[in-house]
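Both of the next two complexes hold subunit A, though its partner changes from subunit B to subunit C.
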Partner chain A sequence: MGGATAGRPRGFSVAWRRHKEALVLIAPGALVLVLAFLFPVGHILVLGFLGEEGVSLEHYAAFFVDDYYLGVVGRTFRLAFVITACCLLVGFPLAYLAARVGPRARILLILLVILPLMTSVVIRTFGWLVVLGPGGVLSDFLQAIGLTGAPTGLLHTETGIVIAMVQVLLPFMVLTVLGVLQRQSADLEEAARTMGASFWRVLRTVTLPLSVPGIVSGSLIVFALSISSFITPTLVGGVRLPVLAGSIYQAATGSFDWNFAGVQSTLLLLTALAVIIPYASLMRRRTSWQTGAAPGAGHE
Partner chain B sequence: MATLKIDNLEKRFGAVAVLRGMSLEIEDGALVSLLGPSGCGKSTLMRIVAGLESPSAGTVAIGDRNVVGMAPEKRNIALMFQSYALFPHMTVSDNVRFPLRMRNAGGRPEQTERATEALAMVQLESFADRFPGQLSGGQQQRVALARAIVSRPDVLMLDEPLSNLDARLREEMQMELIELHRRLRLTTLFVTHDQDEAMSLSDKVVLMREGRIEQEGPPDTLYDRPASAFAADFMGAANIFPATLSGSTLSLGDGALSFAVPADVAAIYCGGAAVLRQEDLVLTDVPEDWDVAVPAKIRTRVFLGGRARYRLTANGLDFLATVAKRDIAQADRGTHLAWRFDAIRFLPR
Partner chain C sequence: MGRLHGTLGVALAALLVPAIAVAQEKTLIINSFGGSYEEHHRRLVIEPFEKEFGVRVEVVTAYSGDTLAQLRAQKENPQFDVVHLSGGLETIAATDGLLAPIKPEELSNYGDMYPFAVAGIEDGIGPMYSTAAIGLLYNTEMVKTPPTSWKDLMQPELGSHLLVTDAASNTYGMLAMLMMNQVNGGDLGDVTPGLDFVKQLLDNGATVVSKSPEIQQNFAQGTAWIAAYAQDYAFTLTSAGLPVKFVQPSEGAAFAPITVNLVAGRPNRDLAVKFIDFSIRAEASAGWAEALRYSPTNRTVELSDELAAEVIYGEEAVAKLVGFDPVQIGESRGEWNEAWKRALTK
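Coming up: the complex of A and B.
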């Protein structure tokens, strides 16, 4: 009895102290978040609903009646899906390799993957213009091996955008998946081998399922970055293949239609959330074995 | 089921030689325990047999197949990892079923049934639907054990299978292992740090030291006739003294303790140390009854379940003696440390 009554205030004060510590710790981040993110975003969201005289949906109406803008939204998401899938297809094997080789080879591989991050995205994109353009390296190569007769090129095509974007976003996928793979003990794969599973079967039954958390975070990062990116799609795709972010930029700086930019921003945010939230919760269910861990086993 | 034949196996990691010419034959259906200090290469040996590591030299044959270079999944072996290596994303039941699933052994109902059987053997059938992260360390170890035996491999290798269990459970699992082995006659190699376990479970004990075999043989041979001070020490003999024989007088510990021995004891002296096993020593207050008796002083006594262990000093030498429970009262009154002549063993120099 005495123990229980004495214990409660103490437990409470411990909880409160933790609470205070947590508050102090998140304060700077929260401040930045409010000033630099929530406030401007909120402002833009409001702009979309402001007409000539007060609240109105006229800008939304203008957006939805125009097939052109629906096409822009469609292209943006189509590209983001393809880019994410390609990053995963290219990035997972790379991350797997980096996770399973020796420490020195791993550093080399990681450097190779993040090296592009050290140059500006603008410069990298201009590089792709040179490679993908009609007189570019790719065109010459295709001609040389006899696949095409005349100078071609992937400039101003969605394929071109995907190639350039995958290169830009690959490091995010590789590094995220690598983190998960490295924490995964190699014992598990070896044990599975001794139980009669071939390399590919181990990959399918052990490695991949255990990498789901990394694959989810990697895909979400890449997806979010690709629907909101505009430099690379605009430069590689040109004016005939606009994406949502480019269109917002155009509305805000080209025609100074801030209200219309607000509409498009709101729609970008909502559609992105509509994809990301179900995906994340679906994957969370697929990895329920993690959250069901015993006390002390550590949560993520 | 098959014989396992390891011939002149060597393994180097860079400049470090971990195995230096190991040769070992395990007969079909034998249960062999691998004993040796930490880092002597026990796990490495098992990994090579499993195909997870390739040998620098030498061969490994399972049955009449030379398996060097063969992929691990083709070898039909089972290796229980020291780290258990349970799949965290599969239930206990699916973990145990995994080897059957990968080898397409029967339909799913049959696999599940065999998995349940194996889990029952380690007393975990009620945990079948949990995930490994929800089990204690000892429970995880037993799941790993069940998973190793479920597929009835040609060669079963267990790397310290019972190290994480409490004494009672460990004894039960030892019984289970012996019964399982009697029933299935799987060729089994298991690592243990516990020489009692090695003695009680195995047909043969292999004692390793720095990548070589120090001594191998039936458990009682290793126990009664250790071939070296290392073996004697490892098999739990605590009283090892340098010994010299002149005429019929044996001197222990550089002359600290001398006594006359009969001709048959003198005959087995082979130039090295003398060994007196703990349980062959007695504490007595009637020294006349014994072949050798030395006044001794008891320094400490610890109880070990059914026995007590004494640390004593006699003639400046330190001794350890183990006494059965019913003799403790008598031993506490003891003034002399005593033994029979036939308790004396000798080691070659």
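Coming up: the complex of A and C.
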């Protein structure tokens, strides 16, 4: 007995001695994470369950019986799906091109894709306000080619939100897909072509299936960023097209209803996790399958 | 000799210690709203106050909403001595016990103020050192017959050239909505007439904006001709070279309070009250009118005719200002916000 109780602290001190450097190195990061992330997020999770008298589900009930908020959630997800699909449609060909051209052209393409990331999303969104707004470039263009007679624009429309968001999130898709495409051996495609497959058939049966991990992971990043983004939908969409993140901001700073903001934040977090966790486990299974199968496949 | 020096030293120290203690005490922590507003604030109030009372004023830049959020978070251990709030948030803060009452006799300028500007001081709502009038702004080049009534917004030919300001996120927008509600037969207990009016404006093609710069953008691009908004913002637009004029409609303009408040639970109450008194003196009130076209709340203010025409000035004009019960606004605002969002959302 005595030996067992004495063993525990010794075990700890052994662990400490063995991992001292690692523990010291991780401490500042862990501290920041606890103070700036876990603590506030935990606080918000708790707020959603606090009623007038102790623990209560009243704020959740208020959310789920309300057509308005369900509509906000509906718009948020609808937009996120469309944005993700558009990012994929635009991003995959771009990534494919970047992966198959020479190194110099690739750097140029990558630079073009990540250059917008160097600018704040707020600044880029303000740019879109000028372009999409009435009396803006788009409006002038439509008038010049005679499509519309009066100043018009895509400001305060869902189309406008999608256009601006795709521009903001495209780099995440392109870079993720590019990473996977670059690891693919071009020999596989060439082999398929020599066997007489057309470009499209190769794309469909070789390139695309092998790119699935990149496509899935890029889509998830874009989707998660899209449902939680706030600045661009709020500025481009305006108050008549509320999304979930904007609604949280409004509840916290407009109505000072922190409990309700907590409910909405928790639901946003849960939906993001509901998308990410199955993906993570799927990817783990896939990776183990690939590493298991890879040597054989490589030699075929 | 040695002993004398020692005694002198002790005496000096005894004199200095309280002086140091006082010097440490005499720092006042306040908020201001940033940008050019804060520059004028320093020039009109903060710097003259520091000079006159030999104290230091530390300014934290924070808008009303952020300030209220900070006050709430710091409830047990407040960090501000005096806070400037606007648009009814002072009433919410006072109701929450975050602000402390002031007695009329503590303010030497009390008697010079319009009664509405000091009505709440004994409940913790600080005096209004200026107000913003909410009426109609119009483009003088595009609008042939200037609007005279809130109901003039309902001209179908105005269509998409009308701007409605978001009432949920913008206090000026909320006051404009309450005015539209009032002229259509509603009251603070029932804002449905106002919301129905706004819905019709939207059906006519009106655009909803939520922040002041959007109003400027729309006026500058020539797409907006009329907006229900604040008088001081009309001045911002004319200063930017836009042909804009403000009218106080026949039914009156609503006023948005801009208040200077005493924070509860701070040690240097006396100095804070002096600062508040200093903020509402006639020179400051006149200075705000001149610099940013906020309407004076001190009735002894003398303005030139030109300036007087660009603010709400004089007993007669002030009598036409419409005030809404801030307590009831505080109680109902959440409900209105919900109803407003539902009326607007496509």
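Note that the second predicted complex is superposed on the first by the 238 of 300 C-alpha atoms of A that agree within 3 Å, B and C clash if a C-alpha of one lies under 4 Å from a C-alpha of the other, contacts with A are read in each partner's own complex, and residues count from 1 in each chain.
Rule of thumb we're sticking to: a contact is a pair of C-beta atoms (placed from the backbone, for glycine too) under 8 Å apart; a residue touches a chain by one contact, two chains touch by 3 or more.
This one's a predicted model, so the numbers in the text were calculated from it and none came from an experiment.
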First, second, both or neither for A:Pro151, with subunit B first and subunit C second: second
Which superposed partner A:Val65 touches (first subunit B, second subunit C, both, neither): neither
Contacts of A:Val55 with subunit B and subunit C, given as first, second, both or neither: neither
Touched partner set for A:Ala192, first subunit B, second subunit C, both or neither: first
Partner chain in contact with A:Gly254 - subunit B first, subunit C second, else both or neither: second
Partner chain in contact with A:Met118 - subunit B first, subunit C second, else both or neither: neither
Subunit A residues contacted in one complex by subunit B, in the other by subunit C: none
Of all residues in subunit C, those that touch subunit A in their complex: 65-66, 68-69, 92, 160, 166, 168-169, 207-210, 217-218, 221-223, 333-334, 337-338, 341-342, 344-346
List of subunit A residues in touch with subunit B within their complex: 185, 187-188, 190-198, 201, 205-206, 209-210, 287, 289-290, 292-294, 297
Touch list for subunit A against partner subunit C, complex: 68, 71, 129, 133-136, 151, 156, 238-242, 250, 253-257
Touching residues (chain side subunit B, partner subunit A) in the complex: 50-52, 71-73, 75-79, 81, 83, 85, 87-90, 98-99, 102-103, 131, 133-136, 147, 151
